[in-house]
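Have a look at the structure below, then the notes.
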Amino acid sequence: MTPTQRPSAAFWLVFPALLMTGLFFVLPIVAALLLSFTDFDLYALARWDHLRLIGFENYRHLLNDPLFFLALKNTFYFVAIGVPLSVSASLLTALLINQRGVRGQGFFRTVFFLPVVTTLVAVAVVWRYLYHPRLGLLNYVLSLLGIEPIDWLGDPQWAMPSLIIMAVWKNFGFNMVIFIAGLKSIPRRLYEAAEVDGAGAFEQFRSITLPLLAPTFVFVGIVTLIGYFQLFAEPYVMTQGGPSGRTLSVALLMFEEGFRWWNLGYAAAISFVLFLIILSGTVLQMLMRRFL
Amino acid sequence: MAQRLTIPLLRLWPGRLVAVLMGILGLLGCSSEHQDTPLSFWVLGGEGSAVRLLVEAFEQENPDVRVIVQQIPWSAAHEKLLTAYAGDAMPDVFEIGNTWVSEFEALGAVESLTLSAREKEDFFSGILDSSTVQGRLMAKPWYIDTRLLFYRRDLLSRAGFDAPPTTWSEWILMMETLRDRDAGLIKALIAPLGEWQLPVILGLQSGATLLDAEGCFGRFQSASFRVAFHVYIELYDKGFAPLMGDAQMTSLYQDFAAGRIAFYVTGPWNIGEFHRRLPPSLESLWATAVMPGPTGPGASLAGGSSLAVSASSRQKDKALALVEFMTRTKSLLTLYQMTGDLPPKRSVWSDPILSASPPLEAFRRQLDHVIATPKVPEWEQIASKIILYAERSARHEMTEEAALLALDHDVDRLLSKRRWLLSGTCHQGAVP
Amino acid sequence: MRDFKGGGLLIHVILVAAALLALFPFFWMVSVSLMTAEDMALFPPPLMPVHPTLQHYQALFDELAMGRYLLNSTLIALGVTISSLLINSMAGYAFAKLHFRGRDSLFRLLLAMMVIPSQAAMLPLFLMIKELGLINTYAGIIMPGMSSVFGIFLIRQYLKSVPDSLLDAARIDGAGEFRIYRSLILPLSKPVLVSLAVFTFMGSWNDFMWPLIILSQEDRYTLPVALANLMGEHVQDPQLMMAGAVLTILPVVVLFLLLQRYYLEGLVAGGVKD
């Protein structure tokens, strides 16, 4: 028996959500695209006739801006190292927790997930202190091992790695939970059968776990990639993009151009380029899934 | 039978709930606009407690006015003020750095002020000028700021120097000696990489104009600025100053007290800070001196803060009254006593509190040689580019040549809108 | 699950070590927040305060208006949670169980939009909020926060398992869709609603960038914004900042510990089922 068709009730049910999404998300995105074709800045904020349509000029300038390429480089560095590190840490802990005979699975799951739910700014406060060259515990521990103190946040070489370490610590628990669920959905009898066939632990991992975990892997990869490309709060709170611009990310650059200098047109162009990058990364991953 | 097809949302309790919620939120949002509101006053940096004291006195004098003081750290001040402007949420009265006055004037964000002829004469002329745009006074100078050389007398005399340096070469010689000889010394000079003031001061001292005469193009590759920039970078190259940013300045006062710093270029607020944070036994050991210049005592920055009234304020007379109160002689003296901020009025300087204080002697003399930064609205952005390229050059990520070329290039781009608005006034071109 | 006999002890050791690493910063946060200035001056720095003190927490509430920030965060998070739960559950039901033209393509479109970074919308959104006069208001944060494609997705996913026959029976009895939503769907979706509520509340509580942009007056700051402000001003006062940090994360940690089952289940439902 077919359900009674009630299109107008359905309309009213989805209307509020669609209205909010349309008004506060879709509309601004479209406006941002338009904005990126203008030279909207402080002068324009004061008077409308100070606004000009400049076509692709913002994008052209972006391609010639050394600061943009620096931000791009930094962001890619963060993603290239951070994503694999985070995903591996998540997978590893998921595998460990999921072993038969491991006690307190729920406890460990909770503990590893805790950093995920905490506020980033609060986490940044304590990590900044841990990273302090003289007063921080990290350098104290290093000194016990006889290693010279590192200027974690002030040395251009170490600033981004420091942020990566903190970011991985903070969100590996998220993906871990997803991996655990994925692992649990693999039927035990597959392993038992492989055991009977004489396959060792590593062989089981390679031929059962990995292939069956592939969809989860791709999902986790995409979500982490999207998130990491949007790196903003960590450099904003910990290093303000320094030292020497080494932790300036694309999102941070967009924020600075947009909300610090009010070059809204230019900032909008940056945000669209960021969107395109994320989109390509996502599509790439999905293509990889199809062919692997 | 089946009910009517469409039930208006409001007949449904979730819809009603949402509507009520939005109504409450709307009220919460609007509430501040329609009632009799107190005056909002934003102060920047550390003047908080002094201002609260003064505000109490003001409220006593004007019982029908209430003032709410909000303190904004300097690092976020420019950003917050602009955000408030962009969001139509400016405070009634606010402190504004002198270098930003032209920017806020260009935005139409500040109300122009009038002074009596007598009061006008009382201000140091250079200071009044820095807050004047095209003949109109856009903010009332509140305190002046210039940069001076703070130094540890005992460290210098131990190294064989009886007087502070007056020329660049003397200064460099002293720092060389201190660096090479004094084993307990960690830093001869503190010059954080996040500050634009020192390279700009050195540039102004060598006669560089930083921008061309109309403020249309950058002139950071001029011969005079090149010389100054080189001197600045050498401060790090020669090991006088460590490469560090603002964030690592956490132990400044302890280090200075412990004799681990010989020189520090900073402003008058640190007179107050040093009084507060250093043990009294150290009073006689540190002193201030006029900035050394290329060939003799040099110029410094004409900085400071002024008080501005927002053009969008709905209580302008009360706002103006607050500004007037804050710039009275008595208020300026209180401000000085509590924070070390220097008054912009000559008459206040003749008060014994100021005229008898030794560290102020140097400031008084320096105020006769101060130069203002170019008065363009884009100055703050330009300053951030100076910081960026100075740091990259100091860390040897770029040569000085490349850094100055990139700086001019960026500055020219920053000024492009201004050139369009001023079309016709820009005569000189960019330096190729 | 693989059998890993013999390696059992090693695994536990590794897990415990990892757990210590995960928890240590929080332990340190609490520890430093209770230290006096004398404790801080000791070298090597003690792991636990020698003379624990609550003075910093006191200072936060007395001198720094922490109570106000706590209130702001709570009201805003509640506002976002309640309103978004309402509108997203309605939409989730419609997408799951009602048929209308373009339903599936519209849903796919919504899903695709999850790829777009929210920062792209922030610039014009700021101008829009300003025109509406909602700068520095709760509404300025709550309204943009109400729509959540993830929420619609979760609820739709969950409701798909509700048997159609149940709904049809109600329809035959003459109930309208709203009535069905109110009396049948909402009670049935309690688990997913709790999950979503926890997600949304925590997400709003921890939100930083947008409140940073929108809130210009101190008295409206949420905890993360106030904490960032504190970091700028009181860089010489680590204990104070740690106390502020502890206060900021305490509510969400407690919420998580109490309701983690719902949170984690919701997360998994959204993730694994793809």
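Order of writing sets the chain letters: A, B and C. Residues in each chain are counted from 1.
Please note the rule applied: a residue touches a chain if its C-beta (ideal position, glycine included) is under 8 Å from a C-beta of that chain, and two chains touch if they have at least 3 such contacts.
Model, not experiment: these values are computed from the prediction.
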Report task. Weigh A-C against A-B on C-beta contact pairs and write down the one with more. Result -> A-C
Query raised in the report: If every chain is reduced to the average of its C-alpha atoms, which one ends up farthest from chain C?
Result: B
Query - Centroid spacing, where centroids are CA-atom means, of chain B and chain C in whole angstrom - result: 38
Query raised in the report: Hey, how far is the Cα centre of chain A from the one of chain C, in Å?
Result: 16
Requested in this report: Calculate how many whole Å lie between the centre of chain A and the centre of chain B, each centre taken as the average of the chain's C-alpha atoms.
Outcome: 36
Query raised in the report: Mind pulling the chain B residues that touch 2 or more other chains?
Result: 2, 7, 18, 83, 86, 247, 250
Query raised in the report: Which parts of chain C, given as residue numbers and ranges, touch two or more other chains?
Result: 86-87, 90, 126-127, 143, 171, 176, 178, 213
Report summary line: Touching at least 2 other chains, the residues of chain A are 4, 6, 9, 12, 16, 135, 259
Report summary line: chain A partner, complex, touching residues on chain B are 2, 5-7, 9, 18, 78-79, 82-83, 85-86, 103, 106-109, 193-194, 244-245, 247-248, 250-251, 377, 380-381, 388, 391-392, 395, 397, 406, 413, 417, 420-421
Report task. Could you please specify the touching residues of chain C with respect to chain B in the complex? Result -> 79, 82-83, 86-87, 90, 126-127, 129-130, 133-140, 142-143, 171, 174-176, 178-179, 182, 213-214, 216-218, 229, 232-233, 235-236
Report summary line: The chain B residues in contact with chain C across the complex are 1-4, 7, 12-14, 17-18, 21-22, 25-26, 28-30, 33, 40, 70-71, 73, 75-76, 80, 83-84, 86-89, 247, 250
Query raised in the report: What residues of chain A sit close enough to touch chain C in their complex?
Result: 1, 3-7, 9-14, 16-18, 20-21, 24-29, 31-32, 35, 93, 96-103, 108-115, 117-130, 135, 137, 140, 169, 173-174, 177-178, 181-183, 185, 188, 191, 195, 201, 204-205, 209, 215-216, 219-220, 223, 226, 229-230, 232-233, 237, 251, 254-255, 258-259, 264, 267-268, 271-272, 274-275, 278-279, 282
Query raised in the report: Which positions of chain A touch chain B when the two form their complex?
Result: 4, 6, 8-9, 12, 15-16, 39, 41-43, 45-47, 50, 52, 61, 66-67, 132-135, 151, 153-154, 156, 239-240, 242-245, 259-262
